[in-house]
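What follows is a set of structures to go through.
Here come two complexes built around subunit A, the first alongside subunit B, the second alongside subunit C.
And then the complex of A and B:
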């Protein structure tokens, strides 16, 4: 049993479950659309506004959507206590958690790919915006949220107030990443400033928390 | 002392050995100093009223819970070692199968979790042993209780464990399903798999269980047929004493000789914590 094959099987299983139940994606899209559409009503759509607050608006929508995906990452294992089945097996907890990281990332990425064009249209994004950079920032930012969020989802899985506990644990720890993703997105929207410092911070955050999450997988998945 | 295997061979390592296993939930003692061993190919009936600690003990042996104190060894390997987890399977109230997936899809994933190379062949073999071949393509959510039990038994047998734990396996099954499950269990025992069954319907298994372990309030109050752990009082006396508290007060009834599985009289006492005197 290799690390990679168990990780891939976990991703395949999660995506199959999502396709059958649609419990995460539909809620993610609904919340994110709600945020973007309501903000578009609140602010007049003009390029100057988008350049001022666009990065923050976009990440508010992505974060809302992400919370739903992350809540379901381990919550998906609750019917018939499937997580106990994993815990009783000799499988690598790190590989299992890596699969959960990856499936959360993919679900968040698909939602963001749908939201990003909608955001550009509704907020009249400037044609000079560097969309390649925005997509790259979204990838690194989503990676940060998926790794941390999945880990904390596992940590809060048996808590009664699981859905409330997850953002309380996740957001304070993710503040450096959130600042970096908002700032980098803002730079790419306005074309002013330097983004690569923020991207380096984001990449460093991703690597550190991914390694930590995998190293501590046993601890969090064996917690009772 | 080495135990006789059904095939006549001798095996020094028991299928299961629990030493002074205790488990606390906060300050509540769910299990206190439970010690016993189970040889390969034997069957142990785990008895006791609701809340006695039977499910907790089974979950500890299955590796789903960790004991607060004590150790559990499966086929000579101490939990939570990987080798120990490969040797044990738990059939519980929960199937550990995702309702939105088919039985085969669930089993394929368990095949990955247990690192089984030829998963399709292993699934087919386990399904045949559990009599669940016709269920493989069905989604778990579509299965009746009896069918779900068979699917869960298939999952439990997938990695060919040497120790099978069954927690109330006959609960909410109809007569036909009970008969079918009993037949599967008899066959598994004949194949040399050690069985440990927790049940309230002990009449279903008392005629073919080799050992009996009775828990009350987390303590092993009586053992029968457990080598070197024989008891000197009838189960009913222990239950009555534990429930009324007379044992703690020293007012229990006089010990009466009990007959174990082999019809032998055993007179060794067991204290309220389940520790041999």
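And then the complex of A and C:
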């Protein structure tokens, strides 16, 4: 089987498992919704707040939701020692990791598609907001979180407290991506400033870490 | 460990652990003398700066600590690549030693900075480009140490941390760009900084003294930590060797004696 078909098989398998159990998606949605609701109490959600820090609020919610998906990405392989089965197959580890990346990306994207309108309503997004730009930033930003997150999810898979280790590894390395996605979203929300160099930075981050993750996939997926 | 490197078997043949030699004492003494000289130059030797006064003297520890810390992290990056290419326990020992020592030096830099900033800038901390970048690098290497502590398997530790070491290093230039676009307030570099920057010659001398002293300190600490790791590998190899022999002879009740 080729790299692409192996990747697609992994994605199909993950999505099938998710559709049957709905464990990640429902938790993600509810978790992110709670974050947004708590924010609106903590910061007095007004239109002025959204124009000042809307991008930050949105991405903190996305980040928390994404963490659930990324934790489940490899956590799903733990019961019945599934990962050992995957390791025994002659399929390339990079294709497996790429499949995990794609399925995490899809789950995060679906959650974000539901959250974005909710955010716009609850936080009174300004009418000047450029939604096309925000969606574009969300795609690039989710790509950044998913590619690093999948890799670190595999890396933390052997640890005693894997769910705790994942954010500790993912967040520091993702700081430049977080800065870029928040700034770009802020520009598109308020219509002030220039976003294109943030998007370029985000795209560069995505490409570098996708390549690095696929090249070093063997290191985190080899047998113990 | 025996599977992913030639060191344990190699060590198994040595009856004594690789003990600290006399030269270590000599080296440590030289480091101590250099540190004393650096301290003298920083506090008394160098002239007092015109506008900042005595507060500027912390600069002699602040800047070298950052430079030596970053140098240590760079060696960590090289050791990570070395480990991935050769799977040598020596590379892993060097990686862990440089990560921990680099973190110590960067902590010195991050504590002396605010102490200087409070009287000079009037604030302890600001999210300026260099401060933010240094803090992020510090946090990333903390996560490197945490990964090692959370990973129970001694076989996985070196492999996973080498991978993380490379990921962290790849983040540094991107962080640099992102943060520079984001904001800037740190004073411009005075060493190799351009036309109107520069230091009094005696100040240069003081910086150089501290720089060399910190470099010597870094080398000493890395050497100690490195040897500690090697001894750990050695003990583990011996233990396995002893267990193996006992198993072959059918001996089970013989205490932790070591063949030699």
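By definition in this document, the second predicted complex is superposed on the first by the 220 of 224 C-alpha atoms of A that agree within 3 Å, B and C clash if a C-alpha of one lies under 4 Å from a C-alpha of the other, contacts with A are read in each partner's own complex, and residues count from 1 in each chain.
One rule holds in what follows: a contact is a pair of C-beta atoms (placed from the backbone, for glycine too) under 8 Å apart; a residue touches a chain by one contact, two chains touch by 3 or more.
Since the structure is predicted, the reported quantities are computational estimates derived from the model, not experimental observations.
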item: Which of subunit B and subunit C A:159 touches, first, second, both or neither; value: second
item: First, second, both or neither for A:172, with subunit B first and subunit C second; value: second
item: Touched partner set for A:86, first subunit B, second subunit C, both or neither; value: first
item: First, second, both or neither for A:109, with subunit B first and subunit C second; value: neither
item: Contacts of A:29 with subunit B and subunit C, given as first, second, both or neither; value: neither
item: Touching partner for A:222 - first (subunit B), second (subunit C), both, neither; value: both
item: Partner chain(s) touched by A:201 [first = subunit B, second = subunit C, both, neither]; value: second
item: First (subunit B), second (subunit C), both or neither touched by A:16; value: first
item: Overlap of subunit C and subunit B interfaces on subunit A (superposed complexes); value: 222, 224
item: Residues of subunit A that touch subunit C when the two form their complex; value: 148, 151, 155-156, 158-161, 164-165, 168-169, 172-173, 175-176, 179-180, 183, 197-198, 201, 204-205, 208-209, 212, 216, 219-220, 222, 224
item: Footprint of subunit B on subunit A - complex, ascending; value: 1, 5-6, 9-10, 13, 16-17, 20-21, 77, 79-82, 84-91, 96, 222, 224
item: Subunit C residues within the subunit A interface of the complex; value: 84, 136, 139-140, 142-143, 146-147, 150-153, 155-156, 159-160, 162-164, 166-168, 170-171, 174-175, 177-179, 181-182
item: Complex contacts: residues of subunit B adjacent to subunit A; value: 62-66, 80, 82-83, 85-86, 88, 90, 94-101, 105, 108-110, 112-115, 140, 155
